[in-house]
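The structure under discussion is supplied below as structure tokens; questions concerning it will follow.
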Amino acid sequence: MLTVLISGLAIGMLYASAALVYNVMYSTSKVLSVTSGHLAMLGGVFGAWFVNTLQLPWGLGLLGGIAVGALFGWLTEVLAIRRVLNRGEDHLWLLSTLALATMVQQGVALWWGTEPRPFPRLFEQNFSSGVLDQKFWLPIGMTVLMAIGLELFYRRTMYGKLFMAMSEDAFAARARGVPTDRIRVMSYVLAGGLGGLAGFAAGQLTFAYFALGLTLTLNGFIALAVGGLGSNLGALIGGTALGLLSAFASYWFGGEYQQTFAVGLLMVVLLVKPAGLYGSLKVRQV
Amino acid sequence: MNQSLILPVVSGISNPLCSTESVLAERKSSLEAVNISKDFDGVSALSDVSLSLQPGQVHGLIGPNGSGKTTLLNLLSGYYQPTTGSILHGGLELALSSVQRRAEIGVARTFQKPRLLPTLTVLENAMLGAWSHKQSGFLATAFAFPQVAREDKQLREQATELLHGMGLGYAIGRPANLLGHAEQRFLEITRGLLMKPRFILLDEPAGGLTEHEIEHLGSVIRTLRDAGIGILLVEHHTDFVFRICDRVTTLNVGKMIKRGTPDETRFDPEVIRVYLGA
Amino acid sequence: MNNLSFLSDRKSLALALGLLMMVTVPWWAGNQYQLHMAALICVYWILISGLNLVIGYTGQLSIGHVGLLSIGAYAFAILAGKMGWHPALALVVAGALGGACGLALGLPSLRLPGFYFAMTTMAFALIVNELVLAEVDLTGGGIGLPGPAFPAPLDSPVGFYYLAATLALLVTWLSWNIVRRIWGLGLMAIRDNPVAAQAVGVPLFRVKLMVFVFSGITAGVAGAMFASLQSYITPDTFIFELSLFFFVCIVIGGRGSIVGPFIGTVVLTMMPELVAPLAKLGHFFYGLLLLLVVLVVPEGLGRVFELLHERFWPRPVHNDAITPDLKRLARAIKDQA
Amino acid sequence: MKFCSTKLINSSALFIGLAIMSGAVSAQTVKIGWLSSLTGPLSSAAVAENQGVQLAVEEINKAGGILGKQIQLLTRDTGGDPTKAVNFAQQLAFKDRVEFVIGPVNSGEGLATTPILARAGVPNIIIGSVDELTDATKYPRAFRAINTNVQWISTANNYALNTLKKSKVAIIGDTSGYGTSSAKTAEELLAKAGIKPVYSVLVDPNKTDLTDEMTKARAAGADVVMPWTAATGLLARILNARGGMGWNIPVVGHPAIMAPQIKKLLNQPQYWENTYAAGYVSTSYGADGKLPERTQALVDKVRPSYGGAEIDVMFWWVALGYDTVKIIEYAAKTAGSTDPAAIQKVLENTNKFEGVYATYSWSPTKRNGFPDSNMAVNTANTFKDGSFKFAPR
């Protein structure tokens, strides 16, 4: 029973990290990128590749995973966001990020293979340590750290404040001389790095598996929508709720209805509180 | 609900103390905002403003930026719902009814920044206005019942006529994204007219127009007025307003500071102080 | 591409040609394989032309229609196969069921903003697959079900092709009727400028829902035809990538066009068969195509032809000043009333 | 209009021309269609099988081909997508006019293609294990070379119940098509033996941790766990959970649990101990540590393509692929032609045709050529050079 709790919590935190990634990108561009989950996938796959295949120490592997994530984050901004935002048709970014997500997933499938591959053990630990196993606690701890780090970043640092200014009102920020384009690029690189980090931290849980991306994109979004768009606290809570729900659901009812439960949660929340628990869907048309 | 009733243009109706039957007649057909207030999360944008828009009358709405002109217009057209107060038409409470409902009743509007469908032609943009009083339903259209084609043809002709009347005949087949600024404004008015409006609310229609074009706008507005349509004119271009309006309401920081004829307004010290300047 | 202006001679000629091609396929298709592909294209098109109203015209990006396809397919396989109904009846019911599920999906999701809507539809597709796998007794679970054939003469490849082609034409005709009338304008208004749409009285949600239900019906019918064409359906047939495929067909074909998406469907269906290397790249290729189109010609390939057209036959733009004809205006307003 | 109509005629002429040409080509060659899923999920088996197929074709062609005709192998990569499989089946049968079709690899695809090939009357060598794939009356020309799913499951059940003397079975399937159906079959077969599983569950193949399920299985008093899934990730997680819990009960199940890539996914190598799966006599080392000589011969032939190194795939896939072509060769030679009817006649009167992978027998009423006697149970962690040791008896 305890293991259900912990494994649910761990996977929930992975979802939460995907939700955080959504938030970081959204803050500066008002775009919900389909690639959010794939960033974590890249972190896991390349982490495994650096450490297992290239035999690098895991520290370097971690940096490598983050770097690849950040690179892809940057690529997302350059290819899928920048030009599309200038066009100002709000549906286009969905298409472009969807396209990019498909490409990266299929690309990894072709290069890395469609079978899950092992992810290295990071710390010396007995495998029979059950609920204390690092494969649970790494993603949990890492996601919490990420959330706290983000909050500090937003509150304390100059760039963080610029991010906030942009998410409040991009035009006003630009008018006040904030280099909005550069900030946006930075936010995507940051999001990419965080995604890579999360994927690396959860690698032992998920294995290095190409199809992880789409799952995370969807479940991360559910976590986000439940917790409330733009709120990092909401992301944590939404992720936890979703993780525990699907864990216990599949514990009691078997795995057949996992997705159904997850989406059920989404639907209920959206019907009861469309803005999510801590979010605000600002829609000002006229 | 489709036939717009057209009353003879009575001058100086708005004197509140006149015979009860004419009051009833007014009530029946006017669009009224009664003691309206609107807050945006705590911040008051309008407080206790009343305005009565009569058929066949051009009603000017002026005031400095942020005085709540557009807010009032959005309240009348239904994009906002008032915090307190009511919006009446023919004794009918509209305060909470949707934008679409008001379109059905015959309240048309234009936008500060014209909102057209860029890829569609001028004719198509205009025809869209006829939506709320079209007869053909989804299925009838899908299965191409004969009356659908008939109605389509009819709307097409109406739109064409109105476009020529508005002086856009030459651009009828042109996609909207190739139109000049004035053309866009006139097209938006035409779209409004296709709605068979009783009232049309114009949000700064003269903005960005040349003197010459403003002249045309003025004559168009007069024509609409003479056709019995009530016009609310939100405008910064004050001498234009004073030239063509029958009544003028002046707002300042969400409150009404003057309602009266153009001349009364023009020489009102308060209006001069807060808006017109010496 | 502008569907409202009446067909010019060139257009009607193209239309006649297209019809001729469709009717004569069985003669010039060299063999049953090509006939199968033609039928497959028609079946896909039944779904896509309905979906086109949702995506291309109303601008609601549904990436979950494979779920509705699956529902239609299984409904047909169960009713006409297991329960031995007459296939024609099963086909109708499959369509109705598709419509009902479209309604059930649209009611909660169509009020949501774009990305929320897209994700919800995607989740819907996943759920459908999950339930299909879970309800073994009904759907055969992972083993799947045989897709029954239609009674003679529709059981032959040629017969089936003509059935599919007829349905495809019917659906095309229906959606064309919608888009060339004021309804089409309403849909495009919802897509391009919801505020303006409201201002003229378009009830956004209701209209979206109608169109979505329509697309659900076509998806259900397509599913039934698909089941029969495939002769056997399993859950691994209805993968998310198939949704993506439909989506890409429409987007590269061009929003607000019927011809564009049709060409898109034909080309994308044939391409992997003709160009083997692409089959290897699989969905990577669709992704690439989608990205290129969005970046280069977001209006879709149809737009390219328009641009060329304007390049070679530029429409004369003489900018005369606006001079209202007030008498005519007054008359026009009176006549309206 | 006129221009286009002429174009239309040209095109039709072109197609007819193609048809004739393809007819002409098939005069000098024997065309074999090979529906393989070399890419996409579950490609590992297909890739290995492809080795065997290619090898056999080369051999036969070197030796002068079938009936003096060279074999022309038309490989089609379905990527595991049934829709593509159907398209390619149509293509092979009606456009390329192949005389034989091998495959497809995945049952999901096979279920869709078999009826089509049956309608086309093309002899089809089935290499999918799902039982519905063969039917002497519905698909008279579909002959199965691989064992059936039932053979796998009953072999495993048999070992668990009678050899290991366990009766408290926990079944774990995955939610994929194959997993759900296999788990169902497993329960039915156990029921026949009068045994009801103490615990049975279907889990998402990508579920990150199986400790909960294994804990429940233990709580239910299970003394043997029988996983029915081909998802290596899931199988590895089952073994990891068992190891992590320090719960040392036997795991008996699907051959995939013996796959070398499982080893890489295990937390510790010893987690692979006490793990058994249905396998084959042909790819099992005898007491003398030797493979059956037919198998050994093939291993030696394949070895070069591994640069002399050890074989790192399950060798029986290769053997199966090799045999499919050999079966076709045998059928054509015996029939003296590639006429489908004649081929069917020969194959359905085949008694003990000796392949590498198995010794096949089909009859007019029996389309599953793989004999139970060729099934075996292997110990997972004895994987060596593509084959395994027998499980302790």
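Order of writing sets the chain letters: A, B, C and D. Residues in each chain are counted from 1.
FYI, contacts are C-beta pairs under 8 Å (C-beta built on N, C-alpha and C of every residue); 3 or more make two chains touch, one makes a residue touch a chain.
Keep in mind it's a predicted model, so treat the numbers as computed, not measured.
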Chain pair bearing the highest count of C-beta contacts: B-C
Core chain by centroid distance, with centroids computed from Cα atoms only: C
Centroid-based (C-alpha) most distant chain relative to chain D: B
Cα-centroid distance, chain A relative to chain C, in whole angstrom: 32
Whole-Å gap between the CA centroids of chain A and chain B: 48
Inter-centroid spacing, chain D versus chain A (mean Cα positions, whole Å): 38
Whole-Å separation of chain centres (CA-atom averages), chain C against chain D: 38
Residue list for chain C, restricted to those that touch at least two other chains: 130, 133-134, 195, 280, 282
Chain D, residues touching no fewer than two other chains: 39-40, 175
Shared-contact residues (touching 2 or more other chains) in chain A: 110, 256, 258, 285-286
Contact set on chain A toward chain D in their complex: 1, 3-4, 7, 10-11, 109-110, 113-118, 121, 127-130, 133, 135-136, 205-207, 209, 211-212, 215, 247, 250-251, 254-256, 258
Chain B - residues contacting chain C, complex: 3-4, 6, 77, 79, 98-100, 103-104, 108-109, 111, 115-121, 124, 127-132, 134, 136, 138, 141-144, 148, 152, 155, 158, 161-162, 164-170, 173-174, 178, 180, 182-183, 186, 191, 193-196, 212-213, 216, 219-220, 223-224, 226-227, 229
In the complex with chain C, residue positions of chain A that touch it: 32, 79-80, 83-84, 87, 89-92, 94-96, 98-103, 106-107, 110, 214, 218, 221-222, 225, 256-260, 262-263, 266-267, 270-271, 274, 281, 283, 285-286
Parts of chain D lying in touch with chain C, wherever the complex brings them together: 1, 4, 8, 11-12, 15-16, 18-19, 39-40, 77, 79-84, 86-87, 90-91, 93-95, 106-108, 111-112, 114-116, 130, 132, 175-181, 184
Touch list for chain C against partner chain B, complex: 2, 4-5, 173-175, 177-178, 181-183, 185-186, 188-189, 192-193, 195-196, 198-203, 210, 214, 256, 299, 315, 317-326, 328-337
